[in-house]
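What follows is a pair of complexes built around chain A, which joins chain B in one and chain C in the other.
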Partner chain A sequence: MNWLIEWAGYLPQLMSGLGVSLMIAGVSIVAGYPLGLVLSVMVQHRNLAVRTLGLAVVEIGRGAPALVILYLFYYGLPKFGIAFESITAACLALIWNSAAYSSEIMRAGMQSVARGQHEASAALGLSRGHTFFRVIMPQGMRSAIPGLMGVAIQMFQGTSLAYAIAVPELMKSAYNIGSQDFNYLQIFALAGICYAAISMPATWITVYFEKRLARHA
Partner chain B sequence: MTLSEIANGKLAPRTGIRLDNISKRYGDHLVIDDVSLNVEPGTVTALIGPSGAGKSTFLRCINLLERPDSGTIQVDHHTIEPGKVINAKDLAALRRTVGMVFQSFNLFPHMSALKNISFPQQKVLGRSKEEADERAMQLLERVGLKDKAHQHPGRCSGGQQQRIAIARALALDPSIMLFDEPTSALDPEVGLEVLAVMRELADDGMTMIVVTHEMQFARDVSDTLVVMADCRIIEQGDPRAIMSDPQEDRTRRFLRAVLER
Partner chain C sequence: MDAFSAVLQGLPMTIVLTLSAFAIGIVGAVPLAVGLSSPNVVLRLACRLFVDLVRGVPIIVWLFLLKFGIQVGTFKFNPVGAAIVGLGVVSIAYLAEIYRGGLESVPRGQNEAADALGLARGTTFLRVLVPQAFRIVSPSIATYLTGLLKDSSIASTIIVAEMVFQSQAFARQHPTMEGILPYVLVGILYIVLSLPVAYLSRSLDARMRKAVYA
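Up next, the complex of A and B:
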């Protein structure tokens, strides 16, 4: 039972790390998803310039590993006189990441809306704007909900990357504790449990929503 | 009040439509081959024929859901040449004049029945919410679905959804209504309630073009029967005359197949 007492001793420090992780994940979702919506509209836009710009932002965000973007923000931008604190850099990189991924899920959701909805809108004489924002988007966003929840879980797990620029999040806290008494196995196992304790119920909720939406489709 | 009086607030300005030499191809595949049709104001035209004949495509060419490659469409002093550039004003005028009802209803699933009917009025005709809602309620009552006003389409039967869809189209005061196999997705009994609404609309003098497999309806309600086969109109005229004495062999074969079923 000794290890349980040890674990209990680690917890306060781990919890503060977990709080930072959740905060970064929260910021990347709250700021990233609206940005993702804007990007999803841009990549479907009629205007080539708008579409290209949207595509570039999305493809870089999805194509480059989050860690690369993180390093660019933290180590790269100071070259241009733009310096961020590590936690700000982490948030910005993950906002880009979540915007890029969520935009593709939203776009797929909107493009899955039945063709008859476009036709009915056209036959009624609704403008392109009204058709998109009042008919297509609400339906597309609905079917995007499970996917967006999945990305949210990924974002939470992705916050562990911020460890690489010394943000005091969950991984960093675990590493600090481990380096005091070299009990890495236990402390990282405990950190893993912390991630799972958030991610697994979130996954269950996602599955529940998937089923619910499938039933009411 | 009759359906179209409710729809228009007053009696509809009766409008006909004239289509000349409409052709449409998908790649190398010809789907409409030089079809012309003149629909007099206040008349019902039933469009029948074997599947793949191009009936639905032709109907969808009328309000430009499908863009014909050539031909002209004349409606309400507007002449549209789909083979050329169509200006937005003509397209809007066409869509405002012509209402459409689909086989698969195509109601907006995220809106209540009332909102389905009210929202397009506000956006397309610029009516106030109160006015549009009132009009929507009148139409819902007329198609017998007042109690469904606040239900979403998913909670309505197919026949109810189709009647809501008819109300939605009527709410925009069209002077011509297109029906694309409006009962084909419905059980025969449920189809009857939709046909009853259409009959009433026809009695009110709405100009209607109906693609259908309902021979009874075509015979009793339509003024003109148009038979399409192989991308062309092969026969048209008085429905009873054509049904009892078809001139074309292809028509005879088709009618035998549907009537002797």
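Up next, the complex of A and C:
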């Protein structure tokens, strides 16, 4: 019971941290997915230069740990006179991350669209732009939905890394409370529950969508 | 070049963290995967809850919980111990989920055929289901290993002297433009390190395909 009473006391401060976490996750998804769509098109482009650039952005975003990209923005770039506030650096790093991961999922989704759809569009005399936006993308995106939901959960969890550059998100709030009275076990357990309370149901919803899409495939 | 040698100083620790956690995960995930596909509802739900809970909490939270939260008598985790145990437990959950997917994708007829041949349940599992499931999941396991390599960077937040920690230390000592170098180099190094894993996975996959279809 004691634990519960103390947890209730911690909650308001943690909730404001959770708000910051959700905000960063939201920004990285809302800005990252459209960028990911652009990247997925670039990676399949006929022009070698465009394709190479797209691939480089995607492979760095997926291959380097999010923490490294975060540090690059927050500690690295200021040495060239480009300084960001910690929260901006966190958003930029996670946008790169989510764009890179989502682009791969969207590319896979669009490549899974049956070849006949391309041929039928060509036979109907649709322009390339029309074929992409009205035929391929709607179908490809449908099969990309569960994957994109998974990336969204990954981004939400990734916001915890912003702790490392002192963004006042959930993890940082927890650490601040913990260093006041050294109740680290309780406070980090509560922080974990906060993360899980959002990630776990989100995962279940994702699995539900996965199964539904598989049924209609 | 100084920056590169600074980053390299952390390489052994990064490899130790990754491989130790991977070893814990590879072994520990086996019973959990069996539990996840158990016919016993209580056991299955308990395992499912464990896997979803571990995966639902960010790694950094697990590391801080172990490093700062756990104290039994005089025992406390040192940073490396907390990082290995934390990353290990997370690997168990992720790999169990991968194993389960593999076991489920083995056609039901294999189980029935083994049953019809009078094989014991243990033999069926070890000699019929596992070899086929392993073939299916080996690329996913390799992908997870590269993910784990990147996740080991989070150990720098609890002061484990791996590559990102060393990059930070170098950058702090070099406030000039040189200070950006370690971050760029360490990023490239992670990408380079995951190449052999991808290559091994592809050749392993190709070899197993040949073994099956030759």
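One rule holds in what follows: the second predicted complex is superposed on the first by the 215 of 217 C-alpha atoms of A that agree within 3 Å, B and C clash if a C-alpha of one lies under 4 Å from a C-alpha of the other, contacts with A are read in each partner's own complex, and residues count from 1 in each chain.
Assume a contact is a pair of C-beta atoms (placed from the backbone, for glycine too) under 8 Å apart; a residue touches a chain by one contact, two chains touch by 3 or more.
Here the structure is a predicted model, which means the values were calculated and not measured.
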Item to complete: Could you check whether chain B and chain C clash or fit when both are placed on chain A?
Response: fit
Discussion item. I'd like to know which partner A:Ala120 touches here: chain B for first, chain C for second, both or neither.
Written reply: first
Item to complete: Using the touch definition from the top, say if A:Val167 reaches chain B (first), chain C (second), both or neither.
Response: neither
Worksheet item: Touching A:Ile60, do we find chain B (first), chain C (second), both, or neither?
Response: second
Practice prompt. Return, as a multiple of 10 degrees, the angle whose vertex is the Cα centre of chain A and whose sides reach the Cα centres of chain B and chain C.
Written response: 100
Item to complete: Going by the touch definition up top, name the partner, chain B or chain C, that contacts more of chain A.
Response: C
Practice prompt. Please work out whether A:Pro138 is in contact with chain B alone, chain C alone, both, or neither, and reply first, second, both or neither.
Written response: first
Worksheet item: Is A:His130 in contact with chain B, with chain C, with both, or with neither (first, second, both, neither)?
Response: first
Item to complete: Scan A:Ala100 for contacts with chain B and chain C and give back first, second, both or neither.
Response: neither
Item to complete: Check the superposed model and tell me the shortest C-alpha distance between chain B and chain C, rounded to whole Å.
Response: 23
Worksheet item: Can you name the residues of chain C that touch chain A in the complex?
Response: 52-53, 55-58, 60-62, 64-65, 68-71, 150-151, 153-154, 156-157, 164, 167-168, 171, 175-180, 183-184, 186-188, 190-191, 194
Worksheet item: Considering the complex alone, what residue numbers of chain B touch chain A?
Response: 63, 65, 92, 95-96, 98-100, 102, 104, 106-110, 119-120, 123-124, 154, 168-169, 172
Worksheet entry | chain A residues within the chain B interface of the complex | 114, 116-117, 119-120, 122-127, 130, 134-135, 138-139, 142, 216
Worksheet, complete the sentence: In their shared complex, chain C is touched by residues of chain A numbered 59-60, 63-69, 71-72, 75-77, 79-80, 157-158, 160-161, 163-164, 171, 174-175, 178, 184-186, 188-189, 191-192, 195-196, 199-200, 203-204
